[in-house]
Amino acid sequence: MVGVNQKKIRVAMIGYQFMGKAHSHAYRDLPFYFDVPLKPELKVVVGRNEEGVKEAQEKMGFESYETDWRKVIERDDIDVVDIVTPNHTHAEIAIAAAEAGKHVITEKPLALTVEDAKRMHAAVEKNGVKHLTCYNYRYVPAVQFAKKLIMEGKIGKIYHFRANYLQDFIVDPNFPLVWRLKKDVSGSGALGDIGAHSIDLARFLVGEITEVTSMMQTFIKERPIGEMTSGLSAKGSATEKGEVTVDDAVAFLARFESGTFGTFEATRFATGNRNKNKFEINGEKGAIRWDMENMNNIEVYFHDDPEGLQGFRLINCTEEIHPYTGAYWPAGHIIGYEHTFIHLIDEFFRGIAGDKQTSPNFDDGVKNQIILDAVEKSANEKRWIEIK
Amino acid sequence: MVGVNQKKIRVAMIGYQFMGKAHSHAYRDLPFYFDVPLKPELKVVVGRNEEGVKEAQEKMGFESYETDWRKVIERDDIDVVDIVTPNHTHAEIAIAAAEAGKHVITEKPLALTVEDAKRMHAAVEKNGVKHLTCYNYRYVPAVQFAKKLIMEGKIGKIYHFRANYLQDFIVDPNFPLVWRLKKDVSGSGALGDIGAHSIDLARFLVGEITEVTSMMQTFIKERPIGEMTSGLSAKGSATEKGEVTVDDAVAFLARFESGTFGTFEATRFATGNRNKNKFEINGEKGAIRWDMENMNNIEVYFHDDPEGLQGFRLINCTEEIHPYTGAYWPAGHIIGYEHTFIHLIDEFFRGIAGDKQTSPNFDDGVKNQIILDAVEKSANEKRWIEIK
Amino acid sequence: MVGVNQKKIRVAMIGYQFMGKAHSHAYRDLPFYFDVPLKPELKVVVGRNEEGVKEAQEKMGFESYETDWRKVIERDDIDVVDIVTPNHTHAEIAIAAAEAGKHVITEKPLALTVEDAKRMHAAVEKNGVKHLTCYNYRYVPAVQFAKKLIMEGKIGKIYHFRANYLQDFIVDPNFPLVWRLKKDVSGSGALGDIGAHSIDLARFLVGEITEVTSMMQTFIKERPIGEMTSGLSAKGSATEKGEVTVDDAVAFLARFESGTFGTFEATRFATGNRNKNKFEINGEKGAIRWDMENMNNIEVYFHDDPEGLQGFRLINCTEEIHPYTGAYWPAGHIIGYEHTFIHLIDEFFRGIAGDKQTSPNFDDGVKNQIILDAVEKSANEKRWIEIK
Amino acid sequence: MVGVNQKKIRVAMIGYQFMGKAHSHAYRDLPFYFDVPLKPELKVVVGRNEEGVKEAQEKMGFESYETDWRKVIERDDIDVVDIVTPNHTHAEIAIAAAEAGKHVITEKPLALTVEDAKRMHAAVEKNGVKHLTCYNYRYVPAVQFAKKLIMEGKIGKIYHFRANYLQDFIVDPNFPLVWRLKKDVSGSGALGDIGAHSIDLARFLVGEITEVTSMMQTFIKERPIGEMTSGLSAKGSATEKGEVTVDDAVAFLARFESGTFGTFEATRFATGNRNKNKFEINGEKGAIRWDMENMNNIEVYFHDDPEGLQGFRLINCTEEIHPYTGAYWPAGHIIGYEHTFIHLIDEFFRGIAGDKQTSPNFDDGVKNQIILDAVEKSANEKRWIEIK
């Protein structure tokens, strides 16, 4: 409940495209659903294009806008800097924000390189600010519930983790060369954009990966040069073509510290799959299946159910007992994608209020980056790479 | 986009439970997602319990609260009165609001009786105000898309409409005697609470019903007397029991003007089903299936697909081309229950801005009530009842 | 195992179309999978068309064929007469067979009228022969398993039985006027052909129905006059048209002795559904869902599962512990439609070997017919009909 | 139709466990459903255990039995030798049969080593006999239909092939050390037993694999010494333990000649999955999904479907137009696992009748073995292995 003594937390957001919309919506709805210790105030949104950022400011409900992020990073009236810009800009902004003593939120992947990610982590640690890397899928209620079942020992030792993140938005050869397809801006393709999410879910649910062998592929090597939009719905019209410098698809085999046998695939060429982010876990006592396209559901199997009555249960995680969903609607009334960000930021702000560092944070961002790096190296060198 | 000349629309909401939360969230998020001609201002929320309504006011973001709805109905600074109180109070408030010249939103069912519903309709018509009855499931994007397919002739003549609305929240005999189980407050049980939604979907998608034969049942006739909460999650502790005066389950057969053969069932005793609101339409050219628990999806079948390739297509209605969803996230990123209210109110406010009466309105509320009435009469008299 | 002392049971089959194929396959495979006390010997198949019946004899593995059923009914070397002819011929043949002292198998529905069905039942009882009415869906392993769960009290008092049998094979107006569409041959349309199966499942799983109210409809009233084939894949070419004298669709509401609230729908106009024979049962302790198109699976829900872990379990009934399936393949290797007849006949022959009358028998056939009759009467007279 | 001039094909079957049952059932049912040029005569079944083989002979309908396969291989009255014994015996029997001029059927995998497989292939080629390796899943109607769609260009260039074959029958650590868990008898574990099926489906649908990198794991390294049963349902009781010498799980990444990006996983530790043999194909024009647990269905997606109407179609491949299913039941009446063997042998016998070599044959067996070999080598040497 928004009490009289409730404190504010003042936010500057750098960038305003797809992720900017998701984050600003989360700030808007967070205090509506949850009793928050800190109520977000949307102070300023930053973008290079004045027309665009002005429109975003009005729509998203920020008090003001700026075109130069450096101007806002030092402002006294900002507590949190939220970075939703293309990947190649994360490091510079995040480090500057940390040095200015701001808590820092950064979209994933944390950086283009492990080195940058580590510098970012060092900066937030040195400056004693809280940090968040937005691996939002951890915060789907069904995924949190999966974690709870695993922690309670209901699944037992995990034999298998099997993740697929399948999209198809660039199957059309005329889809333009957006920033997500350029290595110098995005770092990698399917790997860092969606594979990184599967890696985070694996780390969250199963633990650390110790080695990988991988394969990457770019099916369409040249594309029309289009506008640098946010990347998921751009339409190319130019006749000029440019080189695609990232992977369209990646797959890798992984071993975990836990002895788990892991398989991963991430692709933007899985025709028919718009956003099929799914995993299956098989353990000695049970199994779990989840799929983002039916994000409210989880399928759970218990080996100890009576003979003849064993089967995957389809559980709609919308009951009061399920994580977060008590704050919403009666059982059976589903929630959508945007709620993952509400939960992610709820957790982060509670951490700030209680002076605790929550997860996923920059350390998670670094560890994820190390795996991304190893996967890419493995594909290039065609050999297993150990993760240290 | 919130432009400089954007006008405001000032809202008073009477009641603040389950539906109050859904409506106030819709007001909050509407301008975030959509370019609205009128931006809602949440002026005042009304409730009899001062502590409760104060808490609601803060949480939901209203400027103020009141404990007497009569005080707000006449206020100059109110454009819309939104009534989310228990059913037996709808008529009095709505008529008063209409007579005060306010646009009126009323939750469904519109009233306890056809007579009340008609008086309400007459009042809004006489006073020239716009009116909305909140049959929100029409505004699921997948349902709007179903309507579009039907309108375009893609399904052809409709042979069958088959609706089930299955819940199980009162299967436990110790679930208390909440207001939804008392005829003098709610009008009816499963019939008016959830069956009414199926009827509205039928009218929206297929057209008018001409006659019905029905059966109603109350499986558990006495329940512990509990608190008058919003009704979906109350827990009874009292040892005293009171009589359940509404139906636990209802089913009816219906004929439509279109010649369609209709079957309906609504129940709160369908163990295992939290909120399974579903329908299937079979027509000469195709078929449609939809289910609220997977509300973003629609299954569509075309009789003219090539032999061997005929099958229900599972379409995730989250693409730019689907109704409303272009305002949200990239394809494959689902939305939830609360969005139905955003769309419902978006449509209503656009109507007000453009001086057009939208649907579902009080006329729909009356027609729905006439059918509810006929269904109940048919069950009582054990005979077919014609709908005039 | 076929031991040295294994006895034979000698079969004459009257008719050889769709059901003849299903029955003769069952005779063929029964001793392969099961240790049978009586091994079927296929003595003779009967049909009026000599060319057709000769072809059937060779294909199905009968020793001989005949064109006049009267010639075989009295033969000393026949133990069982299996009647798979169109419905209007059942009574005469079955009564003659019973009077000749043969055990009698009759396809469903047992007869065209309750009177005929009762005469048939009287004849088998008087002559002390065993009898079977082929409501084969009882013998799907998953359905038998459902029955077992109900008998063990795992579902508790049954509140709801909800059955749909949806087909679409006559949606095309040019589908010809086959015998299944003529009342004098088939008795009724969707009602007796497929609705009768739902009624049998209801009686098997829930118990007796006490009253019904119904609605029937013939969407396409005239069709091309085609050949009198077995009816499911005939193609009409004639320009002459004849009247469809049976129902295309039927729906009814039913009350059971058990207090269960029943809804039924059977139709041949459910575009997109080839053979969707399904039911859902909701009880005080649990729920069951089943669908013939996924006949090996059953979905089971237990109300007493721990909070948060409640959900329908998808059980693939192919394990050793499930009814009949131990005789087949390892778990997860599904069986198909034809196995229902193997189990049905296995049970019947075991009954004969042990001098026990099994189910479903002519008594079930009569009771089913009484319900069919009541449903039709209710539709004609537009009122509730009690079942005595 | 079994015509007067129909010829016979006389079969000797070596072995009689799980696969023996599947094959002998296929011989039994083949002429019932299909018009065959050669009608199988089951002459003799061979097994070392006299009691067991005698029982099998009677149950499966063979004319006689033998305990020494060498005695039957040379018999003049045998046309086909069908080898369903454990893998380590395939080579010797098959070569002897070929040299005796018999057509040879061998269960998969063809042999324990590539060398053996090649010797077998050389033997059948040299002796001019027809040969079959029983990769039966090719002959699921839905899989044949998938092949047809691919051949017709409906899927376009194939970007992805993604196969999982998931079982869980040995998750229990007390499951005994059956022959399938001993390398000297079975050759490998999940790899050769089930992974080999995925490889065959990949070769059938997509083409040849050019290189692989893999990972194998044995989760439970010692098991109770049990009886050498057929392996899928044995129960161990011994307290003595022996070493598991095969893989419990294997995964590999693969590149195809076609440029397709392939991922494979086969495991017996996928708790909750009894026999989940599935694949997904994503191509430039469409996509296909299939899963053996719902073997009659195929999901097909077409990229060129109108915008908004794109989605996977669930096609029940039981219509007359679908491969093989016209021989069975009306649309919507599903078939089961055993039918795959009927189709496989139907095709083989038609080949013999027409003097054509059909697929999958020993050449397919050799190519499959080369891939199995490469996968195992890759896992052992932790590097990519090229397939020559």
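Which chain is which? They are A, B, C and D, in the order written, and residues in each are numbered from 1.
In the analysis below, a residue touches a chain if its C-beta (ideal position, glycine included) is under 8 Å from a C-beta of that chain, and two chains touch if they have at least 3 such contacts.
In UniProt terms, the chains line up like this: A, B, C, D = Putative dehydrogenase.
This is a predicted model, so every value here is computed, not measured.
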Check your understanding: More C-beta pairs touching across which pair, C-D or A-C?
Key -> C-D
Review point. Is the contact between chain B (Putative dehydrogenase) and chain C (Putative dehydrogenase) built from the same residue numbers on each copy (over half shared) or from different ones (under half shared)?
Key: same
Study note, to complete from the structure: Expressed in whole Å, how far the mean CA point of chain B (Putative dehydrogenase) lies from that of chain C (Putative dehydrogenase) is 42
Check your understanding: Taking each chain's centre as its mean C-alpha position, how far apart are chain C (Putative dehydrogenase) and chain D (Putative dehydrogenase) in Å?
Key -> 35
Review point. Cα centroid separation between chain A (Putative dehydrogenase) and chain C (Putative dehydrogenase), in whole Å?
Key: 54
Exercise for review: Check each residue of chain B (Putative dehydrogenase) and list the ones that touch at least two other chains.
Suggested key: 273, 310-312, 316, 319
Check your understanding: Of all residues in chain C (Putative dehydrogenase), which touch chain B (Putative dehydrogenase) in the complex?
Key -> 159-160, 162, 164, 166, 168, 171, 213-215, 217, 219, 249, 251-253, 255, 259, 261, 263, 265, 267, 269-273, 280, 282-287, 301, 303, 310-312, 382-384
Study note, to complete from the structure: Residue positions on chain D (Putative dehydrogenase) within touch of chain B (Putative dehydrogenase) in the complex are 145, 300, 305, 307-317, 319, 321-322
Point to revise | chain D (Putative dehydrogenase) residues touching chain C (Putative dehydrogenase) - in the complex, by the definition given at the top | key: 1-3, 18, 22, 24-25, 28-29, 31-32, 55, 58-61, 167, 169, 232-233, 273-276, 292-296, 316, 318-320, 328-339
